[in-house]
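Okay, got some structures for you below.
One chain, chain A, appears in both complexes that follow, with chain B as partner in the first and chain C in the second.
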Partner chain A sequence: MTALLLRDLRLAIRAGGGFGLGLAFFLILATLVPLAVGPQPTLLGPIAPGILWLGALLACLLSLDRIFALDLEDGSLDLIATAPLPLEGVATIKALTHWLTTGLPLTIIAPALGLLLFLPSSATLWLVIALLIGTPALSWLGTFGAALTVGLKRGSLLLSLLVLPLYIPTLVFGAEVVRRGAEGLPTATPLALLGGITLGCIALLPFATAAALRVNLR
Partner chain B sequence: MSIWEYANPRRFMALSARVQPWVWGVAIMLSGSGLIWGFFFTPEDFRMGYSVKIIYLHVPSAFLAINAWFMMLVASLIWLIRRHHVSALAARAAAPIGLVMTAVALLTGAIWGKPMWGTYWEWDPRLTSFLILGLFYLGYIALWSAIENQDAAADLTSILCLVGTVFAVLSRYAAQFWNQGLHQGASLSLDAQENISDVFWLPLVVTLAGFVALFLALVLMRTRTELRRRRLHSLAAKARLA
Partner chain C sequence: MTFTVTDLSCRRGEITVLRDVTFSVAAGEALVLRGPNGAGKTTLLRTLAGLTPPVRGTVDTDVCAYAAHADGLKSQLTVAENLTFWARVFGRRDIAPAVHAFDLRALLDRRAADLSAGQKRRVALARLPLTARPVWLMDEPTVSLDAANVALFGRAVAVHLQTGGCAILATHIDLGLPDTRTLDVTRFAATQTDDTTDPFAEALE
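Moving on, here comes the complex of A and B:
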C-alpha cells in the first residue's frame, strides 16, 4: 500500500502529473470572481465562503479523470488489480493520493485567497477547518466517479455530471460552517454533519469504487 | 410458482403482453376520471381559488418522481444480486419517466407558484431537492447511454443508483438545513391532521392511482421495447456471423 501511495505521489508531482494545475485553477477563479462581480468588500465578503468552496469543488474535479485513466492506458491498472492488495485498498490509496495532491494544498492556500476575497478574518480559521474536514469526501467521491467512467473514451464531461450532484451535501455543510463562522454563530452542527459525510465516504465508498473497477476491468 | 419465473425474458414478454392492455386501461380510466373530477367537479379553494386544481397534476407527478427512483433502486438491487436482465432493463426504462415526472412537478409548481407565491422559483428545500433529483436522473441516464457494453452499463448504473440514493437523501436533508421553506406541508400523509380536506382529497387519490398505473404501463412498454431491441441486436449479430 505504501509503495503504491509513494508511486502515485511521485507520478502526480513530477512533470505531466497535473499537480499544481488544480491550485492554479483555484487561484484564477479567486481572481476572476472580483473581476466579474466588482471589487467592493461589502459585496465580496459575504459570498467569499461560497466562492472558495465552489473553487475547491471545481479544482478537485479537474484532476479526477487522471486518477485511473493513465493507469488503465499503460496497463498498470491490470497489474495493480492482480496484485495481492485488494481493490478496495487500491481505491482508498488512489483517493488518498488525490486528496494529498489537491485537497490538502487547496486547504493550505485557501486563507490567502480568503484575504483576496475579503473573507472576514474570524472566518478564516473555520474555512481551513471546513476544507480540511470536507475535502476528503470530495476526493473519495471523485475516485468513485472516476472508477465508473474509466473505460469511456470521453468520460471527463460525463464524470462531472455524475460527481457534481454527489458533492452537494458536502458543499452545503462546508459553506454553512464558514458562513456561520463569519457571523460568529455556533458551527458545531454543520461541522459534525460534514465530518459524518466524510467519514461515511471514507468507510463505504472504496467498496463501490472497487466494484465499479471490477466491472470495468472485466 | 414464484415471481422469479418472470425474470425469464420470454415469460416476461408473454405475461406483460397479456397484462399491458389492462394496465393501460386502468391508467387511462383512473387518471382521466380523476383529472376530470378534480378539474371540473371540485369547489375552488377559499384562498387559492381555481389555481388549487393544478394539485391534481403536481402531487401525482411529484409522488412518482420520487418513487420511480426507488423502483430503480429495487430493480438495480435485484440486478446486482440475482442478475436478471429484465430487472436491469426495467430500471433503465423507468429513468426517463422519472425525469419527465420531475420536470412536470417542477413546471406545474412554477405555474402555480407565480400567482400564489409571486415567483416562479424559490430556493426552497423541496424545490431545490427536486432539482437535485432531476440532476441525479440526468447523470444516471447519461451513464446508461455512454457505455457500449450493456452488461457493464447495467452494473455501473446500478452501483451509481445505490450511491446516488444515499446522496439524494442526504441532499434533501442538506437543503432543508440550508434554507427555510416556503412550500406547504405534505398534501398526503398518514397523519390526518395535516391532510387536505376530503373534497380535494378523493379525486387526488384517484388521480394518484391513475398515475401509478400510467407509470407501470409506461415501464412495461419501455422494458418490452428494450428487450426487443436486444433481441434485434443479437439477431443482427448472428446474421453477420452466418
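Moving on, here comes the complex of A and C:
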C-alpha cells in the first residue's frame, strides 16, 4: 500500500504528472475574479469565501480524470487489480494521493489568495480549517466518479457532471463556515456537518469505488 | 502443486465465450493455449487472473501472476523504480534475480519512456518472478521480442518450471520448453445461442 502511495506521489511530481495544474488554476481564478467584478473591498470581501471554495472545488475537478485513466491506458490498473492489494485499499490510496497533491496544497495557498480577494482577516483561519476538513471529501467523491467513468471515451466530461452535484453539500457547509467566521458567528454546526460528510465519504466510498472498478475492468 | 480448473465458463462482456473449460497443469509443466484469433485465449487468461469473474466455476486467483498484452510500465519512472514498485506490492525487496534473468542491468536507470518496445516487454516480463506466485499466466509474451530475447525469456520460464512453478501461455512461438502441452481452446467454444436468459435476445436477432 505504501509502495502504491509513494509511486503515485512520485508520478505526480515528475514531468507531466499534473501536480501544480490545480494550484495554478486556483491562482488564476482568484486573480480573475477581482478583474471581472471590480476591485472594491466592499464588493469582494463578502463573496470571497464562496469564490475561494468554488475555486478549490473546480481545481480539484481538473485532475480527477487522471486518477485511474492513466493506469488503465498503460495496463497497470489490470496488474494492480490482480496484485495482493484489496481494491478498496487501492481506492483509498488513490484518493489520498489526489488529496495530498491537490486538496492539501490548495489549503496551504488559500490564505494568500484570501488577501487578493479582501477576505476579512478574522476568516482566514476558518478558511484554512474548512478547506482542511472539507477537501478530503472532494478527493474521495472524485475518486469514486473516476472509477465509474474509467475506460469511457470522453469520460472526463461525464465525470464532471456526475461529481459536481455530489460536491454541493461540502460547498454549502464549507463556505458557510468561512462566512460565519468572517462575521464572528459560531461555526460549530457547519463545521461538524462538513466533518461528518468527509468522514462518511472516507469510510464508505472506497467500497463503492472498488465495486465500480471491478465492473469496469471485466 | 497442481493447478486445476474444472467446468469453468468464461465471458467477455455479456457473451459467454468459453464453456466447461477443464484442464490441469502440474508443477514444472507449461500449457500453451492455441486457437485462432477470438477463440477466447485472452478471455480465459483474464478469468484465471481474476479480472473477469467466471460465469460458472471458481478459480484460485491468489496463486496466479498475470502478464497482459499491455506492459503496465510507468513511462516517467525508471526501470528500477518500476520493478521495485512491483516487488514491494508483492512483499519482496530484492529485484536482483529478476534483473539478472531478463538481462536488465544496463537499463536500470533509464526511464521506461526511453526504452524500445522489446526492452519494455522484457521489463514487463521481469515482473513475473517478482510476484513469487507459482502459476504464470502470459498473454502473447513474446510480442516485439527478437530471437535472442525470446531465448532469454524461454530460459527464464524454464527456470521457473524447474523450481516447481507452472505456466499457462497464449503464444504461437515455440519457446523450447522441456515439458509442454497444448490446449486447443476452440474445444470449449460456447455456441452463441446457448440457453440465453435475455428476454430481448430473440427480438434482436
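The rule is simple: the second predicted complex is superposed on the first by the 218 of 218 C-alpha atoms of A that agree within 3 Å, B and C clash if a C-alpha of one lies under 4 Å from a C-alpha of the other, contacts with A are read in each partner's own complex, and residues count from 1 in each chain.
Criterion: a contact is a pair of C-beta atoms (placed from the backbone, for glycine too) under 8 Å apart; a residue touches a chain by one contact, two chains touch by 3 or more.
Since the structure is predicted, the reported quantities are computational estimates derived from the model, not experimental observations.
Within the superposed three-chain model, A:R218 lies in touch with chain B and with chain C [touch as defined at top]. In the superposition on chain A, contact is made by A:D78 with chain C only, not with chain B.
Once the two complexes are overlaid on the shared chain, A:L199 sits clear of chain B and of chain C alike.
In the superposition on chain A, the residues of chain A contacting both chain B and chain C are 218.
The part of chain B that touches chain A in the complex is made up of residues 132, 135-136, 138-139, 142-143, 146-147, 152, 155-156, 159-160, 162-164, 167-168, 170-171, 173-175, 177-178. Chain A meets chain C in the complex at residues 2-4, 7, 10-11, 14-17, 74-76, 78-85, 214, 217-218. Those residues of chain C that touch chain A in the shared complex are 13, 49-53, 61-62, 64-66, 68-77, 81, 85-86, 88-91, 127, 131. Every residue of chain A that touches chain B in the complex is listed here, in rising order: 144, 148-149, 151-152, 155, 158, 161-162, 164-166, 168-169, 172-173, 176, 190, 193, 197, 205, 208, 211-212, 215-216, 218.
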